[in-house]
Amino acid sequence: MQTKLINNKGLVIGGNKIILIAGPCAVESKELYTSTVNNLKYVDILRGGAFKPRTNPDSFLGLENKGIEILLESQKELNKPVVTELTKESNLNLFNDIDYIQVGARNMQNFELLKALGRTNKTIILKRGFGNTIDELLEAAHYIKKEGNENIVLVERGIRTFETSTRFTLDLSSIAVIKAKSTYPVFVDPSHAAGTKEYVESLAKAAIAAGADGIMIETHINPEKALSDSKQALTVDEYNDLVLKLDKVAKAIGRTIL
Amino acid sequence: MQTKLINNKGLVIGGNKIILIAGPCAVESKELYTSTVNNLKYVDILRGGAFKPRTNPDSFLGLENKGIEILLESQKELNKPVVTELTKESNLNLFNDIDYIQVGARNMQNFELLKALGRTNKTIILKRGFGNTIDELLEAAHYIKKEGNENIVLVERGIRTFETSTRFTLDLSSIAVIKAKSTYPVFVDPSHAAGTKEYVESLAKAAIAAGADGIMIETHINPEKALSDSKQALTVDEYNDLVLKLDKVAKAIGRTIL
Amino acid sequence: MQTKLINNKGLVIGGNKIILIAGPCAVESKELYTSTVNNLKYVDILRGGAFKPRTNPDSFLGLENKGIEILLESQKELNKPVVTELTKESNLNLFNDIDYIQVGARNMQNFELLKALGRTNKTIILKRGFGNTIDELLEAAHYIKKEGNENIVLVERGIRTFETSTRFTLDLSSIAVIKAKSTYPVFVDPSHAAGTKEYVESLAKAAIAAGADGIMIETHINPEKALSDSKQALTVDEYNDLVLKLDKVAKAIGRTIL
Amino acid sequence: MQTKLINNKGLVIGGNKIILIAGPCAVESKELYTSTVNNLKYVDILRGGAFKPRTNPDSFLGLENKGIEILLESQKELNKPVVTELTKESNLNLFNDIDYIQVGARNMQNFELLKALGRTNKTIILKRGFGNTIDELLEAAHYIKKEGNENIVLVERGIRTFETSTRFTLDLSSIAVIKAKSTYPVFVDPSHAAGTKEYVESLAKAAIAAGADGIMIETHINPEKALSDSKQALTVDEYNDLVLKLDKVAKAIGRTIL
């Protein structure tokens, strides 16, 4: 089906131009955050987690409110929108100036959260749960849409299988399947699926060639020091180089990325 | 490790006596609910969903507040505690008179909900997510415990695999694994895993033999008319017969169920 | 469906008596083999691999012809039949005096091997492939049956899933499913699924309670020194104790095991 | 690691030029076969199954020896090599004039077959089992190599997961993983994974972008009449069009396909 465009303050998602989302997994400090995002040469939306739903509660759980503040500062300084994850409805008031709200894989079937987001007009970046089918992802989107919000982007970020060489198995066929069954734009997050930065380039190129409308790539000014997911983050230079390669693939299928 | 007992108003979980939880998937009406639970000969905790987190928002989503009322009436009439699912913290005030709160598989990693339940002294019936490992289930329990509530029961209800003969693959090895790694009692829900009532007896017996501390079985006065999960519910008579068979298996391993 | 009995020289499979198969994973030497099997108090069929289809060709691949000789000697000395694995048709001539031939999980869809076994009158112990559905297992059996041999026992030994606490996920629902769809007896191999001997007792009891017609348990006189699968083998004493516990479970469901 | 080139009578695999393998799933008749392959504008190796290891023995199992004859005729007429599947060692004598031998997914761990192929100097096209890890695929290749044959191409064709929208989940990350761990060329078969021809284009482009050294695409002169896998075969025209699109993607990453 024809992908339906989302226009969020002039940034068009689902069209010919492929969207670039980059930044660190978590906002760790003002200094680390800006030193990363200020050096990204090509990026449409800045990412970074303030509220981190980690598997183990003893892990780093994000800077929370302080993290949101840092994101909003970068948004203003760089004049680029940010996307960050919401984990409970009662935090929505902190997201007034954030235009893109991510629902993480673990909350894909947190239907109360989806309904709350359906009552906003934010652009919702809905990640596929790692134990969920494509049909369930579409039904989760339907929870949001049913409340009135049609600004929904679906994200393939890998599913859980028996294969252990990668952290998750990136299911790139989901792009074609979602496009056959719905009108939602589809982004791909190769970083979380790969779990190792060596595999990110190959998967990112594949995602573009397969028809992804956007790509989310973890980048860090100093990946080895990252507090979460350090193995899968690209350095800023690696990211900038990768985008140029992705641009060639995008052009080969008649799209643009720069 | 030695299972740590939970004593909720005299009902002891994790001891020699295996706990029976029965009732319909959803509370559909006062009449249907009582006609089911009043005919259960052997049961320790009555179950029934009032808030139903269904995959598709166009499905029957439960009677909500009215469902809670019906459950509380049965609780009083039969002098048996009820267990029902909570899907968002802001509903907690409706659960004042409910001693057992279920967290469904889809919310196993809804960490905000887990933290909220950790601040109560309810007995939490935490179901394993169908895409989650046993270690993640233990870490989810840790979210509750870390807030101060140690009254946690883990429930094996099947994981998602490539096998399609059953709705989910019941992972009975999780009982031995959980008991090797933690002190939580473990219940088993064979009904959701089987997806077909013909397979429930075999799996329920297996669960008891494997060492489950309790068993949750969907029963309905008229399964064919059930609004959700109709294929997997036992009739009341089938349930009553099954319990007698389970009692024999329980005795064979030195436990009791009646 | 009613399980169809197999009578192999007086040993009846699929009836009230549950079959016990025990012995080491591999035949490592005459001395190690006999010191193990001579000390099993209760056993119907002796097991042991002579041709071992290991994942890596640099692993111990079995004593081959010499292993078959050792098995035949024990068969004679103990007057108990043996079961061992065949990996290619051209070895069939070595199996003249062996009444039970195992097809391993990796060869479940080696259809040429299945057809060759279908032209014998041996009892075929067909293990489920770890990546195969129950329906495919039934279709594999159909390859054997179509050639004329109906003496087929199916074995559940665990499937591959995302769970890593156990080596494979034992799918005990397969017992009820197979019995609903076919007349084949079903055995269960908890040792390979568990991968760790601590979990074998729980799974073996569950298998009996679920309705398994037989159980295959790896035992070794000195598990720590075993050349393959050392972590999952029970000692001879542990095995002998376990059988007494399984007997109680068997009696609870109206069957016998001793 | 640097991919090691295979040169089979002048056709170089693993180099800059990406290899095209096309043809029907099965050789059904001389007429159907030639009408398909004679109309492929761009192809390096002709494919077609003569011995078909089907899940159910009542399915069409191939023309067997007659199928091999037809393949050899096309090989001569078109002066293009053929690849076809071997299912047992004793058929090897029929493959004297065939330079590329496929081992199917179901036989990936048929180690006796692998060893037999290791004693030839054929180019072995080894497909990943749908229940097997990448490490196991590499170990299976090691079985061949250990016998002396290093002409091995690995094929990603999808693994079995809980997702049912596609027949298998194509694991494109396997390309990067295999290239990080070994020197084998990697081909991709998007047709079997997709199970539906609508998804083949997207997956084929992704495979090229991800770094595949070759691609196997099922094509049929009249897919609706195909005796096996009819839903996933492209028409000859669709295939010819697709190759031109793939060529653009290949060029974008500095390779060629035409």
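A, B, C and D are the chain letters, set down in written order, and residue numbers restart from 1 in every chain.
Keep this in mind: contacts are C-beta pairs under 8 Å (C-beta built on N, C-alpha and C of every residue); 3 or more make two chains touch, one makes a residue touch a chain.
Not measured: the values here are computed from a predicted model.
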| item | value |
| --- | --- |
| Steps needed, at minimum, to go from subunit B to subunit C via contacts | 1 |
| Chain separated most widely from subunit C, comparing mean CA positions | A |
| Computed distance of Cα centres, subunit B from subunit A, in Å | 35 |
| Subunit B and subunit D: spacing of chain centres that average the CA atoms, whole Å | 48 |
| Multi-partner residues of subunit C (each touching 2 or more other chains) | 131, 159-162, 164 |
| Contact graph of the chains (line, ring, star, complete, other) | complete |
| Of all residues in subunit D, those that touch subunit C in their complex | 53-58, 87-90, 106-107, 109-113, 115, 129-132, 136, 139, 142-143, 146, 159-160 |
| Residues of subunit A that touch subunit D when the two form their complex | 131, 133-135, 159, 161-166, 169-177, 180, 193-194, 198-199, 201-203, 205-211, 245, 248-249, 251-253 |
| Contact set on subunit D toward subunit B in their complex | 160-162, 164 |
